[in-house]
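Okay, so chain A shows up in both of these, paired with chain B first and chain C after.
Showing the complex of A and B:
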């Protein structure tokens, strides 16, 4: 009988997994939140929305090659756009909401390819309208063809803020300041990585050139410590922080802007993997809690696979290789995964993945946060935006001995709001680690609903006939 | 759908293009505050991709709709949601 595979997410990993599983004769369902395939990095604008792309041509070529490959097999896929998985269970059940109804699927295998979201370090005033995630600002530019701000400050660490600054400039915006926690020179300590990632590096240098040519004021070692404004952002205060994360007195400077775009790396969308009961581990640099996986994306739960960034930040090129490998592994009975045939079959893709992964060593060096950075979160800083919980309340909960994210939530409500903790929980884990010397042992228990779903949609539930 | 059209935000006309989200059209129109939360804090678009739920507003009388995930349509009535007020008509 034909093997059934459900893939959650249609970014690089999900699309590549689908292509491979279809090629191997599986019955494939792809569930994706977006209206069109691509995920975040390969996000596609609406076809009627013509305009210029401000990305590098080689980047766009990669994107279109993969999307075209996916489109070529889409007729053989049960492709669910604008659908949300709100629960998965250890028995392999997948509950999804689409439109005004819900549905339960029970495939032979599931591939979780849910990617990452951006990480923030909260600071006073970061709730003021006009403070955005840098990738969010980029999505307004690349998928909506709208300049997210006219006079922009971009801040954070790693490559993304620099790319976003360049793209805003190319789109005709002005960048009032580019603040980087670390210099990208940290990458130079990894020459082998840089050699393996030379194609991506070339794209990065072109973005750097855009920023240099525009003479953007650059502040290395600076972070935003205060946003200023009421109903809209008017300015941001940048300050230099020392190795311990303390603000260097006298270094603060205010810069007028209408958009502050921040990114301090990424957090894995690993809630669904955790819901299956898969064994998890925490590594803040690659996204916080991630499922423990082997080379084939297998988790500790039979039939549950994770591919791409949601298994730990690795970038689009690795994610695409991952998708092919995990798609192949999910397509065969579990006993065949360890066999020599599959390994031989995937040898070239595995070698390519190793090479792209090598470049990630250099990227990760730019994403490592200094331990003291969490000091910029003052007692009156709102940490949980949904429930308006200030750091002072969280600190008091920690001091009274509540050390798990579950206990902190029960006491101060952080993580209980609309976003389900997606915006703040990883920051709270790091804040707890900075305050007590020990990170919480576990993520906040992810439970249904992973996304808000109307009761009416639950009432209209369709269940697949038992197979 | 016409390729360029208008909807209203707080009673004021806002221009949009087919395929744009409500959030993008509002940002293009210079609007930043899409909601005032229960504590009185002004809130706008933050994640741009749907996970933070900060940009939720009232659209055609239905509260808690994410502006960043909702395509703009001609004649749509978008209002700034204030505290729990948006829920009173449910």
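Showing the complex of A and C:
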């Protein structure tokens, strides 16, 4: 009997898992939100759009090698583009919406490869049009081949803001300032990591060179503390903050811009994993709450695997290796995963993953947010954009003894709106930790729907016969 | 281990538990009151229900409990010194009949309601459709409407009660689970993780979970758990002004001020599971579209579940058990809407042994032994 595997997400991990599972003779379904495979990092433009890509050639080569590999097996995959998984259940059911109908799948194994989203630290004015995520700005460049802004300030931590600044410059935009919470020199403390990641490092240095050559004003240790503007962003105030999160007096400076692109690291798209009942753990540096997984991506729920960044941020190279390993593990019965044969079989990929993971040690050092950073959030800063909840209300709920995300939600409605808390919950967890000294023990109870779906589509449901 | 002693221990910090505590504290009798709850704020059935209150019942006792409670909700902001208010909305309840039999039951109930001065009226199917154009015409034969029925925010009611209780020095503790009750001379001992709590009197407000604690004292009460599931949509244009109840569909519908529509959909199930069930969404969506075709295009935002209590006659249980000093208040799925009246009645009973309210005779826990069950005509249609 052919094993059935459903893979959720067609980014590096999902594509690699699909290629491997098909190779091992499984019946594979891939469900992806995007119109074309690639995910966020390997996002493909509409085929009718031409023009330059501003990424490094070696990076593009990696992207196309993987996408081509996926395309080569796509005829043997039940590939669902522009489809949403809106619920998964502990019994292994996957509910997806596609067009005007829904469908229930119940495969032998599911691989959740849903990646990460960007993290924001709310600050006064962050909801003014013209403030966006750095990755979002990059997506506009990648997918639509247009400049997201003419005069851009890029801010945040880790490598992404620097890459985005360089790509905006290469596309002909101007970068008014690049503010970094931490200097990339933090990576120098990990020489072994840097050696393992020397290929990636070379790409990074080329981006750095683009930024340096353009003489972009750089502000290390600065964060945006205020966005200025009404209908549109006009300027941003950058400032240094001390360990308590207070603005260092005299450090504030205003910079005119029409786009502020921010990235403070990433949050794992782990809601589906949590819905299956899988054991979760929290690590703010690699994505907040992530499923506890073993080397083969197995969660605490039999038949449920997580691969790639949604199991904790580790970048596209690790995600691709991870996809191959998890795809192989899902393709065999659980007892075979523990056998020696599979390990031997996957030895080369596992070694490669270890090497890429080693480099992530250095990246992690640049992503760790300084103590006190969450104190830039003032009482009247909007934290939950869907329900219009300001930090002051959340602080009051915390002071009244409501410490869990569920209890805070029931008090102030944070996380009850359109996005289901995807934007604000991790920020609220970190804010609670900063305010009370203790992080909430659990994520907000994840419930259907992961994405809104109309009644009509839910009522038109196709249910696969039990296997 | 520290030993603590209180005059009254209330177990369960839902609408019943907190309301009873507040009414007791309001008497300023000097009684030391402790409320414990195993969960967090609003994590039980009171924080999970459809938020409605109505006076449209077929039985005098339900009408009276809800009339008194409605008057309380109308002035809750002042009474509980909660300026933000509890999001009181009185756009009325429209109870729908999809069969002549259901319509006859509605007419019968209307007569009782009018005897108590409830401003309810009979509507034809056309009237119903005029009031809610999104309704389906299929099988609809009519309904009754009362403009004073409405909704409150369960979270805000619970928060206002919690704050008012704490102002009156009631000790309210979440995350405190009572494992077992023991008798202790004339009083009781409740075993919790941090040590025993002694109390002269105990009031159980844990609804469907009441039998577990009673069992530790050798008592039993025929209370079952009834899991229900709810759906909330994304905010949409106004489509459903009054709250709807369909006796045939077992659905209640409430479009809240921010535009989201809340559906509570019941089906025969057992258990204590609050997690959403895999087949619920498709089941509920088909029923909802049959009842309200005008919402078919509205996206569902989220689902959730809750567990309410079910008694053999589907009526609440209020009063003292066979053990002196041990009281129960079980809501039978109308806890939020009756909580103000129940709080007042139970506080008078427990602190002053006031048994004058006729509701206490009708809803006594002893009725299951004597067989004096009560029939609510509207519920028997559901």
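Here is the rule we go by: the second predicted complex is superposed on the first by the 465 of 467 C-alpha atoms of A that agree within 3 Å, B and C clash if a C-alpha of one lies under 4 Å from a C-alpha of the other, contacts with A are read in each partner's own complex, and residues count from 1 in each chain.
Operating definition for what follows: a contact is a pair of C-beta atoms (placed from the backbone, for glycine too) under 8 Å apart; a residue touches a chain by one contact, two chains touch by 3 or more.
Since the structure is predicted, the reported quantities are computational estimates derived from the model, not experimental observations.
Looking at the shared chain after the overlay, A:140 reaches chain B, while chain C stays out of its contact range. By the touch criterion stated above, A:60 is placed in contact with neither chain B nor chain C.
When both complexes are overlaid on chain A, the residue A:455 reaches chain C alone and has no touch with chain B. Once chain A of one complex is fitted onto chain A of the other, the partner contacts of A:89 are limited to chain C, with no touch recorded for chain B.
By the document's definition of touching, both partners, chain B and chain C, reach A:418. By the document's definition of touching, of the two partners only chain B reaches A:231; chain C does not.
In the superposition on chain A, A:72 makes contact with neither chain B nor chain C.
For chain A, the partner with contacts to more residues, out of chain B and chain C, is B.
In the three-chain superposition model, chain A touches both chain B and chain C at residues 417-418, 452.
Across the complex, chain C is touched by residues 87, 89-91, 93, 95, 102, 104, 400-402, 404, 406-407, 410-411, 413, 416-418, 420, 447-449, 452-456, 458-459, 461, 463 of chain A. For chain B in complex with chain A, the touching residues are 3, 17-21, 23-25, 27-28, 32-34, 37-39, 41-54, 56, 64, 68, 71. By the touch criterion given at the top, residues 33, 35, 40, 45-49, 117-118, 127-133, 135-140, 144-148, 230-233, 258, 382, 385-386, 388, 417-419, 422-423, 452 of chain A touch chain B in their complex. Against chain A, the residues of chain C that register as touching in their complex are 40-43, 47, 155, 159, 163, 174, 233-234, 275-276, 278, 281-282, 285-286, 288-289, 295-304.
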